[in-house]
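Each chain gets a letter, A, B, C, D, E and F, in the order it is written, and its residues are counted from 1.
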Amino acid sequence: MDIRHEETALEMPVSTPHGPWPEDSLARVPYWVYQDEANYKREMQRLFEANTWNFVCLEADIPNKGDYRTNQLGELPVIVVRDADGSINCFENRCAHRGSLIAFDDGGNVQNNFKCIYHAWSYDLAGNLKGIAFERGINGLGGMSKDFKRETFSPRKLRTTTLCGLVFATLSPDTPPIKDYIGSAVLGRIKRVLNRPIRVMGRFVQPLPNNWKLYVENVKDTYHASLLHTFLATFRISRLTQGGGVLVSPDGGNHSSYTIAIPEGANATAYKDQQIRTDQDGRFALADPSVLESVEEFGDHIQLQILSVFPGFILQQIHNCLAVRHVVPRGVGKMDLVWTYFGFTDDSPEMNRRRLKQQNLVGPAGFISMEDGCVGGFVQRGTAAAADHVSVIQMGGSTAESQETRATEASVRGFWKAYRRCMGY
Amino acid sequence: MDITRLVELNAAYARVIDNEQFEEWPKLFHDPCLYKVTTAENVAAGLEGGLIYADTRGMLEDRISSLRKVNIYERQRYRHIVGLPVVLGQANGAADVETPFLIVRIMREGTMDVFATGCYRDKVKPDEAGALRFAERIVVCDGRRFDTLVAIPF
Amino acid sequence: MDIRHEETALEMPVSTPHGPWPEDSLARVPYWVYQDEANYKREMQRLFEANTWNFVCLEADIPNKGDYRTNQLGELPVIVVRDADGSINCFENRCAHRGSLIAFDDGGNVQNNFKCIYHAWSYDLAGNLKGIAFERGINGLGGMSKDFKRETFSPRKLRTTTLCGLVFATLSPDTPPIKDYIGSAVLGRIKRVLNRPIRVMGRFVQPLPNNWKLYVENVKDTYHASLLHTFLATFRISRLTQGGGVLVSPDGGNHSSYTIAIPEGANATAYKDQQIRTDQDGRFALADPSVLESVEEFGDHIQLQILSVFPGFILQQIHNCLAVRHVVPRGVGKMDLVWTYFGFTDDSPEMNRRRLKQQNLVGPAGFISMEDGCVGGFVQRGTAAAADHVSVIQMGGSTAESQETRATEASVRGFWKAYRRCMGY
Amino acid sequence: MDITRLVELNAAYARVIDNEQFEEWPKLFHDPCLYKVTTAENVAAGLEGGLIYADTRGMLEDRISSLRKVNIYERQRYRHIVGLPVVLGQANGAADVETPFLIVRIMREGTMDVFATGCYRDKVKPDEAGALRFAERIVVCDGRRFDTLVAIPF
Amino acid sequence: MDIRHEETALEMPVSTPHGPWPEDSLARVPYWVYQDEANYKREMQRLFEANTWNFVCLEADIPNKGDYRTNQLGELPVIVVRDADGSINCFENRCAHRGSLIAFDDGGNVQNNFKCIYHAWSYDLAGNLKGIAFERGINGLGGMSKDFKRETFSPRKLRTTTLCGLVFATLSPDTPPIKDYIGSAVLGRIKRVLNRPIRVMGRFVQPLPNNWKLYVENVKDTYHASLLHTFLATFRISRLTQGGGVLVSPDGGNHSSYTIAIPEGANATAYKDQQIRTDQDGRFALADPSVLESVEEFGDHIQLQILSVFPGFILQQIHNCLAVRHVVPRGVGKMDLVWTYFGFTDDSPEMNRRRLKQQNLVGPAGFISMEDGCVGGFVQRGTAAAADHVSVIQMGGSTAESQETRATEASVRGFWKAYRRCMGY
Amino acid sequence: MDITRLVELNAAYARVIDNEQFEEWPKLFHDPCLYKVTTAENVAAGLEGGLIYADTRGMLEDRISSLRKVNIYERQRYRHIVGLPVVLGQANGAADVETPFLIVRIMREGTMDVFATGCYRDKVKPDEAGALRFAERIVVCDGRRFDTLVAIPF
């Protein structure tokens, strides 16, 4: 049952919880956005519980009727469940009676209904309240009054949509269809990878000591990869001097960066010339290079693709190492990064072994991605006393459109474009 | 297999890591070998994927050269507390062993966290010289969470 | 020394820290009451430090002169001590000088005075400041000025009262006498159990991951017991279909529920008919049923009685297993539940052994009460994104009077009746 | 009594609990027996009450069937780290033993807490088959706090 | 780049975040100063980031060019580094690009420049932004716009000053010269101890469960020492009845207390007469008194000197045990006390051994100072429900000038004099 | 030197502290001896200073009489979990030994923290009666932080 205060309902933001936005440029962001409690609460309501599509699970996670998974939209707990007709339902994981979690495991199978453990109220697979224990009381005593309208008491229901085996949910009736939401350019890059049935290979959770947006920025930051990650530069997995670029959706929120396996040509010495640490060419070699042995899998020479859907979904292809990542806020200064490694159901044993080896590149212990685990915390701590100062996101200009280079922060600016629109800043 | 020698192998294993003598670590494995870090949940679900996956001593050495030379992270160290090995079975000189462990991570500025707990599932056999070495060490962590990053092996 | 700001002194609540109370019905409570920091601070001042009686210890804990215990009223630390004349004093555990805890153990014996460790100021057993180290300085230098009025500097003193060996304290001069406060009906149920000298059998503390009110509601919730706790239903310790009811004090704050050992008759199959999980009749049996072997102890066939005194005291009789529980808030989302198991000084060895065995039923590892340890956390997490939504507390109507059935939430509504009065909502 | 066999008994004890082979746990006790979970404070104060109190193997079995079938709680597991037993005395085949322990609780979503520490005060003697079993195991916890609930035995 | 909101810029405090200051006397302080979040944030801006000199390291920590240490002014992370010309620079440890910590270890040596790990922007030893990776992009794509003024983008720079081998820093241009800031009387006591080159003997960090000001008060509190610390009284290391006094700087913020090795004379029995716990004379003796064997080192019979510089620096001489302590706030209810034990480069082996033994007296395990580790927490907890009550700091009057006795709280009042001026209370 | 006897020495050491039989603690040392508590960072930096520094049994006894009689602190206790000793070398009856440890501190109201982890660097040799005793025990803590205060020895 939903009662909203007037002020909440009416509240149209004219300024931020922290005063006016410092400067109307996508190239400047004040550091309080990573620190302010009121702003964090507002993100829950304006982003995660509003007009955004949020990743909730894979179709492969819930193949059969009654299969369910639990997840969160920001801090909103939800249940995603496969219905009898094969459709997928999603509703708030909160009992309509006194608010207990209805399900408190990662997932499982309930046959036809969920039963709250507290007082045994029960729900069908669409989240409709169906049963109330002792609704009529005993010997005419107790029970619910006759005029109690059970239908009007249900957990909040979410809309769901599926795309290439991914399941997204939104609490808002106004969120546009997923294809429009993502935009055709980025959409094509999702279809490129998720082109046949997948199989999950492993799951891990990586808690990070930073605000959730610092990680999302990091993922969208095509500029940092080869400058922070020695592996990418040294082994030419991804250098700014290699072919590639970044696609940014018109609304800014979604992106896909890519590196193409072509030689660097004239710029081959650029890293050495600038004495960039990550160029260990010649100084660092692998005793067993099999971790880098990959095969062309998608027929387009794209050896690395990182893709994000606003606000918190990430799809990764690094050589033959595939994963989806889900960003879950855990308060203003903490987040969880949920990793799901996958392959395809038709993988050969060799391809399976190749993926297992290449999984060394990513995740909490990834040769490549390890640094992304700590750098967000470095920013969180570096800006501790700088709430009213701003970050400078000006590489490649001040706009957020697709570019043929990765020496740009265009998709980071894109994130702030979408963020400010949702937050009303 | 003599339990005392297994205990000593595990003590040596913990010591080279906790004393930051990382280069000694790969030497405690056979080559080829299998070293994997995963979780009880992945094992139970039959998911093969690992946080770390190495099937040659070379891959173990690469872990060390990488953490020494190229990876970036804040200074930290581990303290292993290793329980008593339980020998599950033996066949032609090799033993299947299970050993519980607890790892405390100590960060540069001094914070101490229970970083991981779990069970080593090992295949142990002597090398040519008769010294016990790991043919297989599957690190099965009890929990699914790996805070910030994992630079140092478990 | 006590200085209150004007605003604090004057502040008469016209609305809540979270906007207007959603609906003027005892059957609806907004979830922000479990989440809001400002509301929590207000509870400390309006409930625990105002017109309520708070359990501080057992008389048996401090039999002799100078025996003391420390405890808390909400977050107010206090000392309870037995005086020379056998009376019991209670005062704030805060030194009048610079605010150190005067006592920092659970209890003990001080002979005639408390001495603060920081600068050795001393207090008599009534909490009066009696000694100041070097009050006159040395060689005419230092020390306190002559006009310093020591009498006017003492920790805040509380009123105490005893009832059947229980000791309660209040900071307010206006709190009514304990018998009027509790009300005759519930009072009778206290006297029924605490009818002779007791002996403490064990102490444990159970931290819970939820707001303190969620546990108090759980204790008052006669509806949930046999639906959540399999043991109660399966072994017919307490079923809604057995005889019993709930007494609620006129002001709503205090309650006593009870189950009478009589057969279920016509309703014997009600649980099975509704396929209620907790009915494991036939499916679950004990290898050693001695844990359930009890004797009629109070001569009235009441085999289970749960009783609460507003805001945070609980008295329990389950067969021959007796305990008092004390609810201590630990911030908005945490609390401690302090268990004291007891028996009587005249227990036979058999009765002692019986109680030891039945203690398996309660406490953090209790066969029965285990679920109460986690269900509060389930509500805390289930309602994380539902601050402006409400719980539906409508079983057995919308009022808070005593009822002959336990298929009701009458005493939960009683809690909110008392809570809203104290909080000014 | 041979220290090695005591160590093995404790390793087996920890293993059956941490690997969730709970049904094996009661078999490590004699029948009748005494298993109690309490705190150092209660012991010091001479208070007999316990969090768990069982004096037959049947009562131990009921703990397991209850946590398996009827009790409700969020998925969790333990990791025991057990120290070296100290034999305090022996008489007609039974030994009084003290063994320190640390239990980390790992919750479903991966959080790891130091859940309990303390000392096992045991009476150990062989069964008919000569296998060491607990006639008595008093679990004396150092602290008084038991977070949320205790479903799995210590 | 620094953008301050109007309101922040203009904000001139007319009252505190917690209402008006209770009473205009240095002898009264309300307990909310140890509890209030808004007040804590204000302390960061008005104290640590404003007109105060903050200890950042020892000159001995950074002898050579490129040697650096990291530290904090309140919560502001800074880098202190030795420049080519031997001067010492200090600047904010925050990259001008996107805010990462530039250095994330305690210290070390960078030769000529710092390089941020995130995107390889580089800084010279004065904190000037010197290099931007791929500033010109690649193949004419990406990079920074031509008009980007690199000079205007640098971390905030701090002024530094050195004194007797100590390095202090301030963010404000208005902070007076260090000698004027400290005042001649206290200054003399610094020079007295730090009269020749020192060598560091050990470093430890002691987290304390209390607001940072409670520890600073404790250090300035000449009244408590011999009443709390049994060692000081029993072994006559420092008794109020011995010679000594306290120097307070004119502005109140800095102090030095001292005990002179002269007999107590007439007052020899004062402790016994008042039955003060810490007088264990005759009841407690050492099996090995070598821990107390000291030699007159500074030629003035001062056997104990405790000295503080506002807000968080402490210099200690207890017999031959020397240390500096640095107070680092860690939120409203926590702090770190950073200990650096030292001796002199010309110490004889005997003197070295003497210092090692006497180090048993101080630090987290110090025979003397151990109690200071817990007493702050006792006040924090004792005052938990007393935000609007006040501490009584009246020993030795209500003013803050130097006194010939230590039976006074003059230097504690001095702290509040300086604190209220900075905070605008 | 027999590993079992070293293990028993360490078990006895942990037990007397954790059971609060503090007066037994100095008896496990030779006189004179060296007992020091410091950190890996100080050792690495060649800094001699210690949190605790005692070179006679008398100084150890003073630690105990002080914590018993004169120092003020909130009631607390430790639980040591001690790993397996590694013998680094032996010479004329004395052994150089390294032993990892973990100390959990349990406060009066029941909170349990990982209070310290590290490594004991020991010189062990038998006394006249042949019982193993510490000629030297350097407690090298992994971290630099010592929360609130250290009253009880490590």
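Definition applied: contacts are C-beta pairs under 8 Å (C-beta built on N, C-alpha and C of every residue); 3 or more make two chains touch, one makes a residue touch a chain.
Remember, it's a predicted structure, so these values are computed and weren't measured experimentally.
In terms of the stated touch criterion, the partners common to chain E and chain F are B, C, listed by label.
The chains that touch chain A as well as chain E are B, C. Taking each chain's centre as the mean of its CA atoms, D is the chain most distant from chain E. Across the two interfaces under comparison, C-D and C-F, the one joined by more C-beta contacts turns out to be C-D. Comparing the CA-atom centres of all chains against that of chain A, the greatest distance is found for F. Chain centres here are Cα means. That of chain B falls 28 Å from that of chain F. Centre-to-centre, using mean CA coordinates, chain A is 31 Å away from chain B.
In whole angstrom, the spacing between the mean C-alpha positions of chain C and chain E is 44. Chain contacts: chain D has residues 72, 74, 81, 102, 109-110, 114, 144-145 touching two or more partner chains. Chain A has residues 104, 117, 205, 228, 278, 371, 375 in contact with two or more other chains. Touching pairs of chains, sorted by label, consist of A-B, A-C, A-D, A-E, B-D, B-E, B-F, C-D, C-E, C-F, D-F, E-F. Put simply, chain C touches chain D in their complex at residues 200-209, 228, 230-231, 234, 278, 280, 283-284, 286-288, 290-291, 336, 341, 352, 355-357, 359-360, 363-365, 367, 370-371, 373-375, 377. Of all residues in chain C, those touching chain E in their complex are 1-8, 44, 49, 74-77, 92-102, 104, 115, 117-120, 131, 133-134, 137-139, 141-145, 148, 153.
Those residues of chain A whose C-beta lies close enough to touch chain E in the complex are 18-20, 22-23, 28, 30-31, 217, 223-224, 227-228, 240-241, 267, 270, 274, 276-278, 371, 375, 378-379, 381-386, 388-398, 403-408.
Residues of chain F that touch chain B in their complex: 3, 40, 81, 83-86, 98, 100, 102, 114, 116-119, 142-145. Partner chain A is touched in their complex by these residues of chain D: 72, 74-75, 108-110.
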